[in-house]
Amino acid sequence: MLTLDAVRATQGSFTLHAALHVPKGARVAVIGASGSGKSTLLNLIAGFLPPNAGQIAWDGAPFAQLPPGDRPLSIIFQDSNLFPHLTIAQNVGLGLRPNLRLNAKEHGEVAKALEQVGLAGFEARKPAALSGGQQSRVALARVLLRKQPLLLLDEPFAALGPALRQEMLALVAQIADREGLTVLMVTHEPQDARALTEMSIFVDEGVVHAPVPTDALLDNPPEALRAYLGQ
Amino acid sequence: MARRVQPVSTYLGAAVAALLVLLTFGTLGAVAWRAEGLSGLRTSDWLAVRFTVLQAFLSALISVLLAIPVARALARRSFWGRGALITILGAPFILPVIVAVLGLIAVFGRNGLFNTALVWAGLEPVSIFGLQGVLLAHVFFNLPLATRLLLQGWLAIPGERFRLASSLGFTSSDMLRHIELPLLRQVLPGAFMVIFLICTTSFAVALALGGGPRATTIELAIYQAFRFDFDLSKAALLALIQFGLCALAAVLSLWVTTPSGQGAGLGRTVPRHGGAVWLDAVILSLVSIFLLLPLLMIVSKGAGTILGLPESTYAAAWRSVWVAVASALLTVLLTVPLALAALNLRMRLVEGIGYLSIAASPLVIGTGLFIMVYRWADPVGLALPILILVNAAMSLPFALRAVSPALAEIEKDYGKLADALGLTGMARLRILILPRLRRPLGFGAGLAAALSMGDLGVIALFADPENQTLPLALYQLMNAYRLDEAFGAALLLLVLSLSLFWLFDRGGRANVDA
Amino acid sequence: MKALTLAALTTLAATAAAAEKTELTVYAGDYFTSEWGPGPVIEAGFEEFCNCDLVFSTGDLLPRLLLEGERTKADVVIGLTSDVTAKARATGLFTTHGQDNDVLTLPIQLTDDTFLPFNYGHTAFIYDTTRTETPPASFEALLAMPDDVKIVIQDPRTSISGLALVLWVQAIYGDKAQDVWAKLAPKILTVTKDWSASYGMFTDGEADMVLSYTTSPAYHIIAEGDETKSAAIFDDGHYFMTELVGQVKTTDQPELAQKFMDFVLSETFQEMIPTANWSFPAKLEEAKWPDGFKKLDLPKKALFYSEDEAAALRDEVLDAWLAAFSQ
């Protein structure tokens, strides 16, 4: 279970307050207007922004003091998820060992992960030779290898077409189910939220509300959300 | 982002910074410590200060202003021989002073091509000697550097940005306002500062083309204090004033600089269009003529003797080559930790230390090192290692100038991803930073090698006759009336410097995906 | 690679052999040790009979000596110019040279028993006979030349020949020196840091005349077979310049150093000077000079300030020069 206990974080003149629990295995959307603090929340959990107060924990183990790479999570950004100068295999291999000194067995794991995302045989290519959808798959293959219980998605697949995006979300759902991942996804798209998640967190002017069922939230949004959704 | 601090590289960076402080202020201190009594400055010294600032300011201003259209033309046009042109345009920067002066005179002198053409066209000839000559020479030396620095900034703009601009139907002036001006605000002050600093320590060029003692710079006053008066306290005082001027220039330029607003692009090259093709063609042609004609004069003067030089000159050339390679490698070894430390500590002071050596007087460094080393070892025996070290320190500002912004971009574009993956310490350096720094590092190393080839002066006090370098051999030829052979040696120096630069720069660019 | 190894081995062997002999360390100017300079001939000639190893160490002589003081490794210092002898003398590092000044064949009388001259020459303006048909025969004639005659000189603050020029003018004109500079200034194309830059501008045709030495034409005659370069000889006389050698007091090889000082005035040494140093030998009758040197026009009068006089005048003449050129 992910716990944010009376967390407060400040970025410039903006302050975020968060107190919530996300049950293990849940898939939760993070919804809110631009500037409401969605990305700040993710940065806080991922370790790019230190909290001023409060505690962040996974299964009771606090991790707010850990560097980003040591936290029990993987993250997929909007873009720039791959290093352009590294091969696909190396980009994925970073999920196993950040120093890239892989043994034969680990090379095998990289190949298997690529196979699982439908990119068998792509090891030696460079990211620039791949389409946007394929690049996202590489990032997911790396998530598989990191084997961390929590997956953060920061407006993922935004550059992909609707069909491709649905396909990627389905792949995320499939992977999350199989690996038992807890997923937190910042999104602007109500249909993405409905497609992937059963619960949603509404963030409004720096205040993070506790998760509620996604459909209920979107069907009957509070005033602030309604304006944002254009309803 | 305190978490990004990587202790090892920060300690290494601090060590490099300490070494640079020792080489600059340490040597200055050593000179001051050996001085007897205190000397005041005379009116003529203050005139030298004034002239130094005036010519350095104008030289830097003209160089960066001219570099804008040139860099833009090079950035948005691709044509056959573009890479070679960029390399060759860099040549003036690494020429030994006296060779460049004679090359310039052959073109712009009383009987030079330029005035011959003017007279033929029925116009009054113009004189190269005077402030205009000093500026001409400094622009000749530094326009290529300014162009390279600006060009790097231009190429760092993601192709997507240009694609967006052309899709929005941007005109040239829209482009200027929305893309190029922000870029220039970011790159110009730094380029201006570097060139200002280089020109403050100019000496022989300023005097030779300045037409008389009005063109006296601080460095000349330092030389006079050393060689003619042996007044160490005055030399140290003047060197301190030189530092002060440079520090002021540096602070001003850092203050004006805005941080980069350019985002990451996956780097698929996108053709950059826009602007008038004919205009770019005219600009590139004019600059090529200006920069290449003096070089061609040197080539034509040296071609006859380059293959028939005394054997010792070739030996000196070979020695210079490996000194240059060693200096280039050392430059890289010093630059990376310093740039990392500056970034991690977010301290402009650390980066500022990297630029100290431009402001330093080679004479003071040489003398200070002599004073420091003499108590423990024979400086003559250490002449080459000292030369390598000092050359590396002198080249460091240029490498740092190329590496620092690139490093900042890497951290901005990939820092979060690397953090999220736990890419820290040496692994981050090996897997992320060094591969992505290859281009600026190759450029920096190439520049260091070329500068090292052409360098002279630091070890004038204790040259080792057994270990003569090519520039020293060149001066010996000139001093022995053997001007034809000196031009041959100059051409050899030019060819070797350019080759080294090209090899390193090429190595940095080969097989780089994005 | 093989050749390199071989060369390295030979060097090693040579070093090993040399290590058994006593070493004489000679500080010299930069130009000394080039293969066409005087260094190699001096080394070979001296080692032939001294049973020693002569080692040159090059660099800026005076600053280095002043910094090293009594810890200097030098046994002998060669190539000091007359403008630095006062400061060199004041270090107290030098002992007497032990030679008889009367045997010298200099145009002036020197009585210094510390620093021994081994060559000499005079300042002079060199011109190209194909470009300048009637060279000036006096300083006055030089000043009377049209202003489009362009002359390049060296800076007296950075160059010994430049300093010699201002002393030359001082010796001829005394208090009127500043007027002379004012008349000369329009003809001065530019002022360079050192001699080589000036001379390069002259041979390149950029300047009509260059401040150099009376011996300069000899290089063109002997090495290039070119007799078109000539020194304009003035009736007023020319400033005398010499390079000197001194024996270091703290040497651990006093006998060897003394032997070297004797060698300096030997015929072997002196005969090498004209074509290796492109200057007149300090002790050799004219009959033994190379033909190219015999052809040179020589000044009838040599002007010279003793080191004390020169030191006393220096600031004043420099200021006069600076003032005239800074207007």
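In order of appearance the chains are A, B and C, and numbering begins at 1 in each one.
Note that a contact is a pair of C-beta atoms (placed from the backbone, for glycine too) under 8 Å apart; a residue touches a chain by one contact, two chains touch by 3 or more.
Treat the numbers as computed from the prediction; the structure is a model and nothing was measured.
Chemist: Among line, ring, star, complete and other, which best matches the way these chains touch?
Modeler: Contact map by chain: line.
Chemist: Higher C-beta contact count, B-C or A-B?
Modeler: B-C
Chemist: Quick one: chain A and chain C, Cα centre-to-centre, how many Å?
Modeler: Inter-chain centre distance comes to 80 Å.
Chemist: Suppose each chain is reduced to the average of its Cα coordinates; what separation in Å results between chain B and chain C?
Modeler: 35
Chemist: From the mean C-alpha coordinate of chain A to that of chain B, what's the distance rounded to whole Å?
Modeler: 46
Chemist: Which residue numbers or ranges of chain A touch two or more of the other chains?
Modeler: Not one residue in chain A touches at least two other chains.
Chemist: What are the residue numbers in chain B that touch two or more other chains?
Modeler: none
Chemist: Identify all positions of chain C at which a residue touches two or more other chains, and write them in rising order.
Modeler: As it turns out, chain C has no residue touching two or more other chains.
Chemist: Would you pull the chain B residues touching chain C in the complex into a rising list?
Modeler: Within the complex, chain B contacts chain C at residues 34, 44, 47, 98, 101-102, 105-106, 109-112, 129, 133, 203-204, 207-214, 220, 223-224, 226-228, 230, 310-312, 367, 370-371, 374, 378, 380, 459-465, 468, 472-473, 475-483, 486.
Chemist: What part of chain A is in contact with chain B in the complex they form?
Modeler: The touching residues are 46-48, 50, 67-70, 74-75, 77, 79-81, 83-86, 90, 94-95, 98-100, 126-128, 142, 146.
Chemist: Enumerate the contact residues on chain C facing chain B in the complex.
Modeler: Those in contact with chain B are residues 30-37, 39, 56-60, 62-64, 66-68, 71, 73, 83, 87, 150, 155, 157-158, 163, 185, 188-197, 199-201, 203-206, 216, 219-220, 223, 278, 321-322, 325-326.
Chemist: Which residues of chain B touch chain A once you look at their complex with the stated criterion?
Modeler: 1-3, 264, 266-268, 413-414, 416-417, 419-424, 426-428, 430-432, 435-436, 512-514
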